[in-house]
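Okay, so subunit A shows up in both of these, paired with subunit B first and subunit C after.
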Partner chain A sequence: MKSIQKKLALASCTLLSHGLPNAAQAAEGEDWAVDGSLLHYAEEDRITVNKFIGTLVTNVSESDKVKVDLVYDTMSGSTPSGALDSAGSFATVSTPSGAGGFSASSGSTSIADFEDTRLGVSLDWEHTKKRVHRINYGSSISVEKDFTSFGVNTNYAQDTSSRIVTYSAGIAATFDSVRRSTGGTPEPFTEYGDGQSLDEGSRVTWDTIFGVTRVLNRRTLGQINFSTGLSEGYLTDPYKLISRTLNLSETHTYFEDRPSSRQRSSVYMSMAHTTRHDNVMHLSYRYYWDDWDIVSNTIDYRLKFRYEGGFFIEPHFRYYDQTAANFYMFSIPQETYQLSGFPEYASADYRLDQMEGTTVGINIGKTFPGKGKLRFRVEQIEWIYDNSLFDTNKALVVQLSYKKLFE
Partner chain B sequence: MKASALTSFEKIDDFWRGRFEAMASPCECLVACEDEKLANKLVLIAQQEAKRIEQKFSRYRADNIIYKINHAKGKVTTVDNETADLLDFAAQCYGLSEHRFDVTSGVLREAWQFDGSDNIPDQAKVATVLQRVGWPKVNWQRPALTLQDGMEIDLGGIGKEYAVDQAAKLMKQHAPDVNVLVNFGGDLVATGPRLDGKAWTVGVDDPSKTGQGTVGGIEIKKAAFATSGDARRFLLKDGLRYSHILDPLTGWPVEHAPRSVSVLANTCIEAGMMATFALLQGKNARQFLEEQDVVFWMVD
Partner chain C sequence: MKRIITIHGVVLGLLLLSGCSTMKDFSNTVKDSLFTYEKVKPWQKGELAKEDMQLVDDGMMTYADDHIYFSKEAATGGKGVGGGGCGCN
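On to the complex of A and B.
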């Protein structure tokens, strides 16, 4: 008889990992959990976001769980509009270290100031049937001065009888309406300042996701997801501008225009592994592509070191790169304009440019037995843009969270 | 369910030891912490879990799922998730043991009474009972289970080890930083070292004078250890010792089974199953264990 040790170990591990939640609830009577956190996001000289996130999870019955999320953001600062400043733009670009440059001075169109608050609420209900079937229904609403979003989603997951594999499938619909904070949306390719305004824009996004999660061995879990989605409607950014430079001193600036549909797909793979010393490693890779010709890669790596006293330290590293959208341009080339007028679509939004982003951070925390869990996170993100007027950006993220369990 | 009082609760060296009776066995939990109140609470959590599992899966009760399954008279029984998980596990064990570990073999005790006497049944009696044994005769389609009338399911071969792992997990969940050693009737798991970082020392029972002596000891920090054997239950006839380990394929005790097998593993249920599978191998037990990637002790 050959070795059955690995199979037995896996079967044992599967039994025990699934045997816990209900038994634990029965013994502990853990009824609800509250998680509150404050997040501060600051880009260097740009956007600052302060966020409060509150989550309440409660087990309404042995098989039903309800989760309520509340997010309140205040956002302020300035962001590149895509426009080039009228006077001597190119001269300044070529000598970025020179005096003057593109500071957020008043009168500049290359930087747009903004200030907004956002309130978001979401409600999820998860129902577990015979412990191998889980169905989740969710809805969310988010309101800002210039943006309203409403979404519904449902997700179904099923474990195989051996509990080694979980299959899941989900579908989501999101309905957004977009406007400038002064109302309406600008007519594309009209000159900035002309003030021609259309009704607010609206769009619908459909997303589907299919996933397989598999226990690879008693210390390793693997997951692969495929998702695809389609957005239709107003996908333009009503604040973004694009310039056309006739010569070094004369620049025209217009509102941008984007296609009215975008089809996105991605494949996501992740692996979680517990080492012999009980440290936990997460590694994931995401490949994304859409019909705007943006292709992106994301690699994310976290390694959680656990110490005595419920203390943990988790370094985090993320790398992201993307190609530019096929209608992204630094400005509308004068030669093209003279030959055939405006292109079909054009945007100088730096977020559609070819770029690379790296995140380096650390997450530390401590668990207080029977009381709760305190976490603190600091991350620095740096972006390098290939062809945008402002070719780098840097942000600092600081987050403090506390989770409390109630019996 | 209300936990009844502990048999004892006291400080030994640098840990707390709580004892109680459950699953017809002496149980003890060693808790590596200073805080007496927390240690006591953790032992009570383990006791409560042991009692819960005993109540739910004991075949000696008339108020649980096992009774319901065994008295369904050929009708389908829909089982809860935990029972289904254990049945799935039992089905896997049936395959892994090459059909020697069978949760339907309990009815063989109608033919065999392991009381140390010389009551050896005749072959005809064994053959009759054997017709009601065999996992493949069970119709198990999670969560629906159908037993032929007269067949029985007995999760006793899994329950104690399962309870050890579950209790340890619940204790760990309640106090993630506190290491414990949970020992239910000799099957045990330790979730980490003692307060001074040292290992727990565990004695291995001597089956020839069970409960009175040991054949050796091991040190564990974070591991599980389980022993299977026939120290307490056997038949003697004509100088032959019949082990209480019955082979579900023949209906007779496994011949030349070792007196006891102990296995070290990551979880108690894994250790316990491996030890049981080895016993079921009879005279091939040692060879079987040597082929596995496990640390073991065997007493012939």
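On to the complex of A and C.
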């Protein structure tokens, strides 16, 4: 009974830590838990990412748990620069660099090659008091050749005496430093090739979240979160460009410029339900909005079919859409430029365009009697853009994971 | 309008795919999960205690997905706060 109660407390706990895999789920009832994963992400003619994720969780006392996470990424390929394709003009792509960062692509002026690695480490400590109060302190650091991030967070969750409802709250601060691989950041709206460079950019992001998790019935668990955050500082992408055009033909290429603050909010609802056929359904919906006028809907659905011997098959479907940022532009038309000069802000980053995305995939796995769990999934993602140079982007995701619990 | 129609189509499709081979099963699932609230006793929580029933039941998959979508889409967050960022391109 005690074991079930402990597991239930975890199941009903709002899993607030947004970093690496949750400590609670990895080591419940065991002294040690190790989970490792290899992921291959490949876009069609674009970016390839190979990722290793590892997490180690240990119970250091009856009421304390420590988790260490490690992630290592290698990234290479090409990505749209934001500039339009003007044949024969290599000057419209980003700065060539050495071992990392961006360089001119030999195939297209609107595509920039890049190569980078990322190492991330995080440490979390969770303390449980009187079985119904849980507090988590976390920290994380992430380093790339052109980006450094440091974050701290704390989350608190409290169960009601009946342990039917869990209330939770969390706050996080993240400090980022951004630079080009060659150092510094470009002066916004200066022409590419002018070489005007500023110091590296920095920004601070504050995030808060409030959530309620409730046992709805003996087969269903539901959760609703409200989160809001504010980022201030350098929010521009130092590699992205935007073209000035005459009759949709590029005449000049500039570095983009974005606002220096962004307030984001979202409502997130999720549910886990065991069907009468003993399959498990996960369904979630997120409504997101920010003061860049981006509004988004995300629906995520998984259904796990469980079979004898610990095998499972889990189809996955995800739908996403967003509106464009209010400063997103395909290009700066010559007529507009002549009339009023540069707009206050402008970006041609395809990720700020109106878009729809769909994900279809399948996850298969097996739970072993020796407290091991093997999972393998394959997914296809497709994004369709409304007003970008490239109409679509497709990606393949392959991931292999194995978790082992130790007494 | 096109987006609204798409969303509703997706929601309807998801509901129809909710593990139900018949309309009766579909009805049961909707009734069990969305419209039934009961004060569950401790000894009735066995199903809820299973690992598969955690709202984040596979941390590795969730972490990888969050990173992918954070890199490629403008909307982010909702599940929690904290964790390292990235200068994703």
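Everything below uses one rule, namely that the second predicted complex is superposed on the first by the 351 of 407 C-alpha atoms of A that agree within 3 Å, B and C clash if a C-alpha of one lies under 4 Å from a C-alpha of the other, contacts with A are read in each partner's own complex, and residues count from 1 in each chain.
The working rule: contacts are C-beta pairs under 8 Å (C-beta built on N, C-alpha and C of every residue); 3 or more make two chains touch, one makes a residue touch a chain.
The structure displayed is predicted, hence computed values, not measured ones.
Trainee: Examine A:Val60 and indicate which partner it touches, taking first as subunit B and second as subunit C; both and neither are also allowed.
Mentor: Neither subunit B nor subunit C is touched by A:Val60.
Trainee: Could you tell me if A:Tyr301 is touching subunit B, subunit C, both of them or neither one (first, second, both, neither)?
Mentor: second
Trainee: Of the two partner chains, subunit B (first) and subunit C (second), which one does A:Val132 touch, if any: first, second, both, or neither?
Mentor: The answer is first: A:Val132 touches subunit B but not subunit C.
Trainee: With both complexes overlaid on chain A, does A:Trp383 touch subunit B (first), subunit C (second), both or neither?
Mentor: After superposing on A, A:Trp383 lies in contact with subunit C but is clear of subunit B.
Trainee: Let me test your reading of the model: by the given contact rule, A:Ser142 touches which partner, first (subunit B), second (subunit C), both or neither?
Mentor: Once the two structures are laid over each other on A, A:Ser142 reaches subunit C alone.
Trainee: Between subunit B (first) and subunit C (second), which does A:Leu123 come into contact with in this model arrangement: first, second, both, or neither?
Mentor: In the superposition, A:Leu123 contacts neither subunit B nor subunit C.
Trainee: Which one hits more subunit A residues, subunit B or subunit C?
Mentor: Partner touching more subunit A residues in the overlay: C.
Trainee: Looking at the overlay, what does A:Arg218 touch: subunit B (first), subunit C (second), both, or neither?
Mentor: A:Arg218 sits against subunit B and subunit C alike.
Trainee: Is A:Arg286 touching the first partner subunit B, the second partner subunit C, both, or neither of them?
Mentor: A:Arg286: touches subunit C, not subunit B.
Trainee: Taking the two structures together, which residues of subunit A meet both subunit B and subunit C?
Mentor: On subunit A, the overlap between the subunit B and subunit C contacts is residues 1, 4-5, 7-8, 11-12, 14-16, 18-20, 22, 26, 162-163, 218.
Trainee: What residues on subunit B touch subunit A, complex-wise?
Mentor: Its residues touching subunit A are 38, 45, 48-49, 52, 81-82, 84-86, 88-89, 92-93, 96-98, 142-143, 162, 165-166, 169-170, 173-178, 265-267, 269-270, 273-274, 277, 281, 284, 288, 291-294.
Trainee: Give every residue of subunit A touching subunit B within the complex, in rising order.
Mentor: Contact set of subunit A toward subunit B: 1-9, 11-16, 18-20, 22-24, 26-28, 130-132, 161-163, 218, 308-310, 367, 369-370.
Trainee: Mind pulling up the subunit A residues that touch subunit C in the complex?
Mentor: The touching residues are 1, 4-5, 7-8, 10-12, 14-22, 25-26, 35, 37, 39, 41, 47, 51, 53, 55, 71, 73, 75, 79, 114, 118, 120-122, 138, 140-142, 144, 146-147, 149, 151-153, 155, 162-164, 170-172, 174, 176, 178, 205, 207-209, 213, 215-221, 223, 225, 227, 229, 237, 239, 264, 266-268, 270-277, 279-283, 286, 288, 290, 292, 294, 296-299, 301, 303-306, 315, 317, 319-322, 325, 351-352, 355-357, 363, 375, 377, 381, 383, 393, 395, 397, 399, 401, 403.
Trainee: What part of subunit C is in contact with subunit A in the complex they form?
Mentor: By the definition above, subunit C touches subunit A via 3, 6-7, 10-11, 13-14, 17-20, 25, 28-29, 32-33, 36-40, 42, 44-64, 66-69, 72-87, 89.
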